[in-house]
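Taking it in order: structure first as structure tokens, then the write-up.
Lettered A, B and C in written order, each chain numbered from 1.
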Amino acid sequence: MTNLWLYFSSPKTFYPLAGKLIPVFSLLAIILIAIGLYMGFAVAPTDYKQGDSYRIIYIHVAAAWMSMFIYVVMAGWAAVGMIWNTKLSDMMAGSLAPTGAMFAFVALWTGALWGKPTWGTYWVWDARLTSELILLFLYVGFIALRSAIDDPRRAARASAVLAVVGVINVPIIYFSVRWWNTLHQGASVSPEMAPKMAATMLWAMFVMAMAFWMYTIAVVLARVRSEILERESSTEWVREILARQR
Amino acid sequence: MLQIRDLECRRGDACLFSGMNFELQDGQLLHVKGSNGSGKTSLLRIICGLFLPAAGTVSWQGLDIRENRDEFNRALCYIGHLNGLKDDLTAVENLSIHARLTGTPATRDQIESALERVGLMHRAYLATKVLSQGQKRRVALARLLLGGARLWVLDEPFTALDVKAVSQLQGVMRDHLAKGGSVLLTTHQDVEISSSSHRDINLDTWAKSA
Amino acid sequence: MGEVSLITALRTVVAREITLAMRRRTDVFTTLFFFIIAVTLFPLGVGPDIEVLRTIAPGVIWVAALLASMLALSRLFSSDFQDGTLEQLLLAPHPLSLLVLGKVFAHWLLTGVPLVVLSPLLGMQLGLDAQAIGLLMGTLLLGTPILSLIGAVGAALTLGVRGGGVLISLLVLPLYVPVLIFGAGAVDAQAKAVEFGAWLYLLGAFLVMTIVFAPFAAAAALRISVE
């Protein structure tokens, strides 16, 4: 098992493996998105209070979950890279960041769209939305630091430190924002979700989250592949691949 | 004794050298040679533990320097391209701070005699920002005379020094070698320190033929 | 022997920072005046209604303190990096994280403490009463070291990076959020006559946590940046 792990943790063996996995995960993502959207838009019942506008949560909630998961996974890869000094984990961390940032943005965007019909305003200083916004800032900082440093090895190591510091802070930020929200209760309406959600609604959300996972894996693998080509461009095997494609 | 095993150094995409092996015994001087950009400074920084090699290990007295950093740092004195002096402080203050940081506090007399030896006693109490390049270099080199570092790693120590200072420094190095210390240096100048313990290595031997 | 020399080294680091700051006093005053000017801008922007100012005062003073201490960060390592003394610090035979802690402590004495000392004046300007001002000072005293510690990680990461000055704000400000919330929250809670002790405990807990973790992160970041 460990040997297998080591075998695939070298860029040279990982590159073709990733190439084979991308279509699989892409296909899974498409199928799951189709199922999830069908469940969410056709099967799940209309909300008695909010009508059909609530249906955006199938994207909103799944995207918000993903944005948080991805940050933790990213920091995990960053830590692995720091401890064992493996190139591939650095690339994983770096490739996850743009997707995580995108999901954070999507969560905010759909949150605003959901807010307009529900509370009559695009933005409320709700605890969840606010911490999502700060999470987006954390992603932006990570991406900015990574791209500001020219040397790829230094960029990877520096941003790994930032990701680990960030992930320790994420729960503190989350809870501090919640407490801040309770202190200033009068200022905003907290958009609590209906306490009892129909089982189909939960299932639809879960399927959408899985679909986003599959999409994330496919995109990240593709990004890692191109980064491998870029960073290993001086090696023999990459030259062979490039020569074959010409 | 300093041991270098299978060292590989990369700068960005370029591999500067790989598979490097050598040893530096006590009482020996090693002159690192190589063309521009062959990785002389990188090698010295790797040996000091300031730069992470792509592969390989550096060990001091048989122990990996990354795992015994404090121990190794006690034995090391590194003088790089930068002099490591605070412009706003005097030469004496700079040296005294350095001595205390390295765990070998020096008395004023010791510091003054070190400055005397590099011929800078008359500038000892001036802020180093008013000193010339060569004088600043001498203050930096006076660090070698304080504390008991056994391994000296010197990156172009003769830069900006005049003829007299160069021969003074050569004398200092000869004394250090005679006492069983070792020196690793790069320089473009042709210097002869001591014929018996002097060795050259050329980085171009390990350069990866691209 | 090892411990004695470590204490000597720590004392040397702190004393060195203070000596250097005393030879370039303007640096300390720039931060301080930035703090004063930033707070003064708010009444000019919001209007002189003392009731409004009183409600926003804790937030305004805290945000200004956040920005002021962030501006001072760029000096924390960069001059040492440029003249090579940072390399020498890295080669000292002591744990780098502790030396960093010493450096951050000195930095806090020079930039954080003046903010705390000056804050009553600004609090009065914005119509806070004596009790609120006392609490504000307390939160700043607990909170500004956190700003310096977290900031040190950001400063170490952006060392020698092009556009480092702007980049550091991007990295550090989101991480400052809990400090801002706990600090301004305590003063706000007191104004609303709610229990404010919890906020101070949280701030204290966060301070302990950053003292434990931040020096390690900053030391790791320094080793990476000096390469």
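Please note the rule applied: a residue touches a chain if its C-beta (ideal position, glycine included) is under 8 Å from a C-beta of that chain, and two chains touch if they have at least 3 such contacts.
This structure is a prediction, so every number in the text was calculated from the model and none was measured.
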{"item": "Central chain (by mean CA position)", "value": "C"}
{"item": "Far-end chain from chain A, centres as C-alpha averages", "value": "B"}
{"item": "Centroid distance [mean C-alpha coordinates] between chain B and chain A, Å", "value": "48"}
{"item": "Whole-Å gap between the CA centroids of chain B and chain C", "value": "36"}
{"item": "Whole-Å separation of chain centres (CA-atom averages), chain A against chain C", "value": "32"}
{"item": "Multi-partner residues of chain C (at least 2 other chains)", "value": "227"}
{"item": "Multi-chain contact sites of chain A, meaning residues that touch two or more partners", "value": "151"}
{"item": "Set of chain B residues in contact with two or more other chains", "value": "52"}
{"item": "Touch list for chain B against partner chain A, complex", "value": "10-15, 52, 210"}
{"item": "Residue numbers on chain B that touch chain C, as the complex places them", "value": "45, 48-52, 69-71, 73-74, 76, 78, 80-89, 93, 97-98, 100-103, 105"}
{"item": "Interface residues, chain A side, partner chain C - complex", "value": "82, 134, 137-138, 140-141, 144-145, 148-149, 151, 154, 157-158, 161-162, 164-166, 168-169, 172-173, 176-177, 179-180, 183-184"}
{"item": "In the complex with chain B, residue positions of chain C that touch it", "value": "5, 8-9, 12-13, 16, 19-20, 23-24, 82-85, 87-95, 223, 226-227"}
{"item": "Chain B-touching residues of chain A, taken from the complex the two chains share", "value": "150-153, 231, 233-234"}
